[in-house]
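The same chain A turns up in both complexes below, where it pairs with chain B and then with chain C.
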Partner chain A sequence: MSAPRRAGEKLFAACGAVITGTIVVLVLAPVVLTVLLSFSNDAAIQFPPQSWGVQRYLDLAASTKWLTALWLSVRLALTSATIAFVLGVGALLAIHRTRLPLRSWLEQAGIVSLLIPMSAYSVAMYSVFSQLGLLGSFLGLALAHAVLALPFIILVGSASMRGVPPDLELTAITLGASRARAWGGITLRLVTPALAGGFVMAFQTSFEEAVFVNFLGGPGLVTLPKAIFDSVQFGSDPVITAISASIVLISSVAVALPLALTRGARR
Partner chain B sequence: MNTIEERPQQASTAGPPTAPPAGRHAVELIGLGKSYGPETAVAGVDLAVEHGELIAILGASGSGKSTLLKMVAGFEGPSRGRILLHGQDVSSLSPADREIGMVVQNYALFPHLSVARNVEYGLRMRKWPKRERAERVAEMLERMRLSALGDRLPRQLSGGQQQRVAIARALAYSPRIMLMDEPLGALDKALKQDLVEEIHRVHREFATTILYVTHDREEAMTLADRVVLMRDGRMAACAPVEELYLRPPTAYAAGFFSGANLVPARVVDRVEGRARVEIGGRTLDTTCPVDPLGSPVTAAVRPVCVVLDPPDDAWALEGEVTDRLFLGDSVQLKLAYSDADTSGVVSCLLPATAPGLPGAVGEKVRFGFTPDTARIVPDDQETR
Partner chain C sequence: MATVETVRPAKGRVRARPWRPEAGPVTGLLLAAPMLVAIVLFVAFPLVQVFVDASSGGVPVQRYTDVFTNPVSRRALATTLTDSALVAVVTVALGAVIAWTLHTTARRWVRVLLWTTALVPFWMGMIIKNYAIYLLLAANGPLNALLMGLGVVDSPLSLLYTKFAVVYGISYSLLPYAVLALYSVFVQVDRSLLSSAAVLGAGRAQVLATVVAPLVRGGVLVALALIFLLSIGFYVTPIMLGGLQTPFMATVINQQVFSLYDFPGAAASAAILLVIAFVVVATILALAGGKTLRRML
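And now, the complex of A and B:
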C-alpha cells in the first residue's frame, strides 16, 4: 500500500540530494580552485597548474604591499568591531532593561544599515564625511564600518537577551547587588558567548568590506579587499590566490568560532 | 550606581541574625497605594505583620497582589503611603538595601553558578568575609538538605531541589522578611503538595516572616497564618485562615476563599446573631453576624453543608442534578432549584459513599442546607 508513496519519497530525496549537491559544488568549487591555484609555482595564474609549491605564500610574506594592507584591515576590523560592540551592548541594555520611551525603535534603528543599499549609503556617507573632514581617515572608515557591524551585535545580542529572564537580575538586586553589578554579573555574563559571536561577525564584516573603502578610503587607506580589487583591476598578481586562500581559512575559523562558543556555553 | 559602597552599614548585614526589635512589627504597610496614571493598581492598604508570621496575599489576577509585593520588594515605588520593615521606613530604599529575601516563580537561579555559588551570592554582595561565607553556605546547604548538590548547576536539579536552592539563597544572609511570588505557580499538583510541605517546614524551622503571594486558595489555606484577600486593588479581607474560611466577612470572601455557594435569600425574622430567612420558598435558620440592611440578602453555604434528603420538610428544596463530578472520596454535584420568584444552582460536595447519592445528571433530588451553617454575608458589589 505504501509502496508508491515510498517511491515518491525516494524521488524527492534524490532530487533534494542533486540540488543540494549542485549548490555545494557551485559554491565550493571556486574556493577549492583558488586554494589549489595558490599552491602553484607558475609565473601566471593558469589552470591546470604546471608546477606545485608554496612560492606564492613566500611572495606574500615578503611583500610589504600585501602585509601592509592585511595589517590595516586587521586594525580597522578590530577598531570598528570594538566600536560596534560598545555601542551595541549599551543599546541592548537600553532596549531590554530600561523603560526608555521608543526603545523598540532603537532596535530597529540599530539594524537599519542592513537594509539600505551599500552604494546609496556610501554616496550619502561621502558627502557627510567630506563636510566633517573624515574622508580618507582611519577613524572615519572605522566609524562607517562600525555602522555596518552594529546590526550583528544587536541581532545576536537581542536574541540571546530575550532568553534571559528579567527575574534573574531582580533577584540579584534583592540579594544586595547594585543594578550595574546585577546587569554585568548576571545578564551580560549570560549573553557573553552570543556577544562574542556577534563580535566575530562584526570583525568579519569590516574585514571583508570592499564598497565603503572605495568611496571613503582614498589613496592612503588600502585595505586587503581594496588591494585585491586594485590588483585584479590593473593586472593579475598571482599572489592574490594565496591571499584568497588565507582569507578563506580565516573566515572559516571566524564562522566556526561562535558556533563552538555557543555550543560550549549550552553544555 | 555604587549603592553598595554608599550604603550605611547595618548591624544585621553581617554575622548571625539579630533578635527582632521588640514591640515593632516585622512589616507595616501604612496607606500603601500605587497608581499608573489614572489606573489605581493598589488603593490604600494598611497591614501589620508580626514577626515570624506567614501572610498569604491572595487574589485573582489583576487584584493588585503582585504590585503590592513589588512595592515591598522595592521594584515599584509607592504612589502613596509608607513601608516599614522592622520599624524602619524603607519606602525610598533600593531593593538591595531593604534586606529582603525573594523567591520568584521558576526560582530565577543563576544558571552559570553552582548551587553553592548561588547560595553564596547574597553574602558576596553584602561583603561577608570569605570564611564566614563558606561556613554560612555549608550551614544553609545542610539545613536545606542540599549538601550533596553544592557543585551542581541549577539545570541539573529537579524542581523541588531548585526551590530549596532558591530558599537557601534568599535566607542565607538572614533577611528581615522573605517574599515569595507565586513560587508554585507553574507546577503540577503532585509536586506542588511536596513543595508546600517544604515551605511549611522552612517557615517553622527558620521562623522567618514570609509574605506569600498566590492566586491559589488551597496554597494560602495550607501555608498561611493569616490571609490578605485582595480585590480590585483593595484589601477585601484580612483574617486568620480558619476564621476567614469558616466565617467569611463578605460575599466575595465567601465565594473566593471558602468556595461557598452564594444563595439569594429574604430575611423573615431576626434575633441576636441569627436570622430566619426564606430560600426558594422554604425557611431556614442562619448565622447572621451583621445587621442585614435590606430584606434581600446573600446566604453563603459551603458545598459540604448541603445535605440530601433533609429530615425536616420545612427547609427541604426540590432540585435537579445538572452536573456530577466524581472526585474519588467525594462527589461534586450541581443542583438546580427554582420556585415562583427565585432560582439558582448550588454546588455540593458529598462523600462518595453517601446513601441516596444521585447517580446521573437529570435526577430529581430533595436537598437542603444544614441549619446554622448558612451564613448571611454582606454583598460587596459596591466596592467593585
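And now, the complex of A and C:
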C-alpha cells in the first residue's frame, strides 16, 4: 500500500472514530448531566452547580406530590403490563399452537399500535373514551396502556415461540399429558424468559407514557410523567433531577443485572 | 364371526380427520378473543372514529381543507414533515455508524459502550430524556457554558425552542430503533466480503460504497421510512423542546383540544396525520414486504 493511500485510510478510520465518539457523547451527556445536577443543593437548577449535597433526594422523600404520582404510576404500570401479558399470551398460543384461520394476521394486528402516530392516536382515543365513559378512569387508562404495550409482548414472545419445537409438546402428550399441561409445562415454561422480558418492556411502556395520560387521564390521574410534564411546562422543580436520576439508576440496574447474571451461564 | 370391519370405536370417538397436535380453531378463537376485543375497541374503533368526528356537524370536508388553508396548521404540517424527514436522515446516518461499528469491531469495550449508547434512550423514559435535553440546552446550561468557555460565542445561544432542539430530542428517542433496525440488516453482510475486497485492493471507503451499500440499500430505505413514520407522531418533544416557535402538528392538536376546545378540528388534524402514516406504511410494505419490516421491528 502506498504511503498517501495509507494516510487516507487512517484519516477515514479516524473520522469514523470521531463521529462515533460524538454520538456517544451526545447520547450520554444528558444522562450524566441530570445525575450530576441532582446532587446539588442550589435553590434553582444552574450550571455549574455552586453547592453539592443530597437535598433534592430529601425533598423528594418528603414530598407527597411526587410520591403520590410515583405510586400511581407503579400501580398503573403493573396493571397494564398484567393486562397486556394476559392478552398477549393468549394470542401467542392462538398464533403458534392452534389452527385458527388467519392466525398470522393476528400477529400483525397485535403490533399495529406501535406504528400509529401518538399525537393522532390520542385524539382518536379521547373520542372513544368519552363515548365509553372511560375518561379519567384508572382501568381505562390501564387498558389504553396495555394496547400500547401489547406489541412488545407479541414481538418478543413470537420470536421465542418460534424457537420451541412443537415436537416437545407432542412427546408430552404421547406420554399422557393433557394439551393444557403440555402448553403450560413445556412451551410456556420455555418462553418464560422472553415473556418476562416482554412484561418488563410493557411495564416500562406504561410507566414512561405521557401522551395518553395527558388526554385520557383527566385531572384526577396524575402519573409521574404527567406530573413532570406539567411541572416543566409551568416552570421546573429541581426535585425532578432527583427523580430522573433515581429512575435512570433503577432501570440501568434492572437492565444490567440480568445481563451480568447470565454472562457466566453463557460462557 | 367378527371381522375387522365390524370393530368400531365407541360412539363419539369417531374422528373425521386425523388427530393434530395443534388445538382447533375454536380454542384458538377463545384464546385470541381478549386481544381481538381490545384491538377492535382501542385500535380499530378509534381510527374510524377520528374520521367520523372530523366530518361531524354537516361539514364532511371543510375541516380537512381547513388544515391546509389555515396558516398555523399548514405551517405546522410542513414543519412536521420537513423536521421528520431531517430526523429520519440524521437518525439513520448516526444509527448506521453505530450499527456498522457494532457489526465490524473486534473490541469488546467498544461493543459494550455502543450497545449502552444505543439502548440508553430506550430505558430513560420519554419525559425524562426530554427533560435531560432541556437541561443540557438551557440558556444557563452546560452546552452554552462550553461554547462560551471556548470563546465560540459571546452571549448564550437560545438553543431551546429551536428546530435543532426538536430534531435532537426526537433523534435521541429514535436512535435505538434505528440502530436495532439497521443492525439486523448489517449482520447479514458477511464480514469476509470486506476482507476479500480489501485484499483485492479496495480502500475502506470503496468497500463501503461498492460492496456494502448495494447489499444494505433496501434495509436503509425501510429504516428511513420507519423513523419518519415514528417521528411525525411525536407529542412530548415538540411541546417541551420546540414550544410555540416551532409548532408540530402535535402542538396544534394540543391547542385545539386544550385551549380552543375545537375537538372536531383536532380530529381532522389527527386524521391527516393518520393518512400520511398509512401512506408511509404502505410504502414500506411495497419497498420491503412485511417480512423485512417484521424482522427489523
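Quick note on the criterion: the second predicted complex is superposed on the first by the 240 of 267 C-alpha atoms of A that agree within 3 Å, B and C clash if a C-alpha of one lies under 4 Å from a C-alpha of the other, contacts with A are read in each partner's own complex, and residues count from 1 in each chain.
Operating definition for what follows: a contact is a pair of C-beta atoms (placed from the backbone, for glycine too) under 8 Å apart; a residue touches a chain by one contact, two chains touch by 3 or more.
All values derive from a computational prediction rather than experimental measurement.
K.L.:
After lining up the shared chain so the two structures overlap, which partner does A:Leu139 touch, if you call chain B first and chain C second: first, second, both or neither?
P.N.:
neither
K.L.:
Touching A:Ile19, do we find chain B (first), chain C (second), both, or neither?
P.N.:
The second partner, chain C, only.
K.L.:
Quick check on the superposed pair: does A:Ile45 touch chain B, chain C, both, or neither? Answer first, second, both or neither.
P.N.:
second
K.L.:
Looking at A:Ala61, would you say it contacts chain B, chain C, both, or neither? Reply first, second, both or neither.
P.N.:
neither
K.L.:
Just to be sure I read the superposition right, which of the two partners does A:Val31 touch: chain B = first, chain C = second, or both, or neither?
P.N.:
After superposition on chain A, A:Val31 lies in contact with chain C alone.
K.L.:
Which of the two partners, first being chain B and second being chain C, lies in contact with A:Arg189: first, second, both, or neither?
P.N.:
The answer is first: A:Arg189 touches chain B but not chain C.
K.L.:
Considering only touches as defined above, state whether A:Ala7 meets chain B (first), chain C (second), both or neither.
P.N.:
Neither partner.
K.L.:
First (chain B), second (chain C), both or neither: which does A:Val123 touch?
P.N.:
second
K.L.:
Compare chain B and chain C by how many residues of chain A each one touches, and report the one with more.
P.N.:
C
K.L.:
Tell me the contact category for A:Leu175 with respect to chain B and chain C: first, second, both or neither.
P.N.:
In the superposition, A:Leu175 contacts chain B only.
K.L.:
Enumerate the residues of chain A that count as touching chain B in its complex and touching chain C in the other.
P.N.:
In the superposed arrangement, which is not itself an observed complex, chain A uses residues 170, 173, 179 for both chain B and chain C.
K.L.:
Where on chain C is chain A touching in the complex?
P.N.:
Its residues touching chain A are 20-25, 27-29, 31-36, 38-39, 41-43, 45-47, 49-50, 53, 94, 97-98, 101, 113-114, 116-117, 119-121, 123-129, 131-136, 138, 140-142, 145, 168, 172, 175, 203-205, 229-230, 232-236, 239-240, 248-250, 253-254, 257, 263, 266-267, 269-271, 273-274, 277, 281, 290, 297.
K.L.:
Where on chain A does chain C make contact in their complex?
P.N.:
Going through chain A, the ones touching chain C are 5, 8-9, 12-13, 16, 19-20, 23-24, 26-31, 33-34, 37, 45-48, 86-88, 90-91, 93-95, 97-101, 103, 106, 108-128, 131-132, 143-144, 146-147, 150-151, 155, 166, 169-170, 173, 179, 204, 207-211, 214-215, 224-225, 228-229, 232-233, 236, 240-241, 243-244, 247-248, 251-252, 254-255.
K.L.:
Enumerate the contact residues on chain A facing chain B in the complex.
P.N.:
Chain A reaches chain B through residues 165, 167-168, 170-181, 186, 189-190.
K.L.:
Quick check on the complex: what are the chain B residues that touch chain A?
P.N.:
Touch residues, chain B against chain A: 1-4, 73-75, 94-96, 98, 100-102, 104-106, 108, 110-112, 121-122, 125-126, 169-170, 173, 179.
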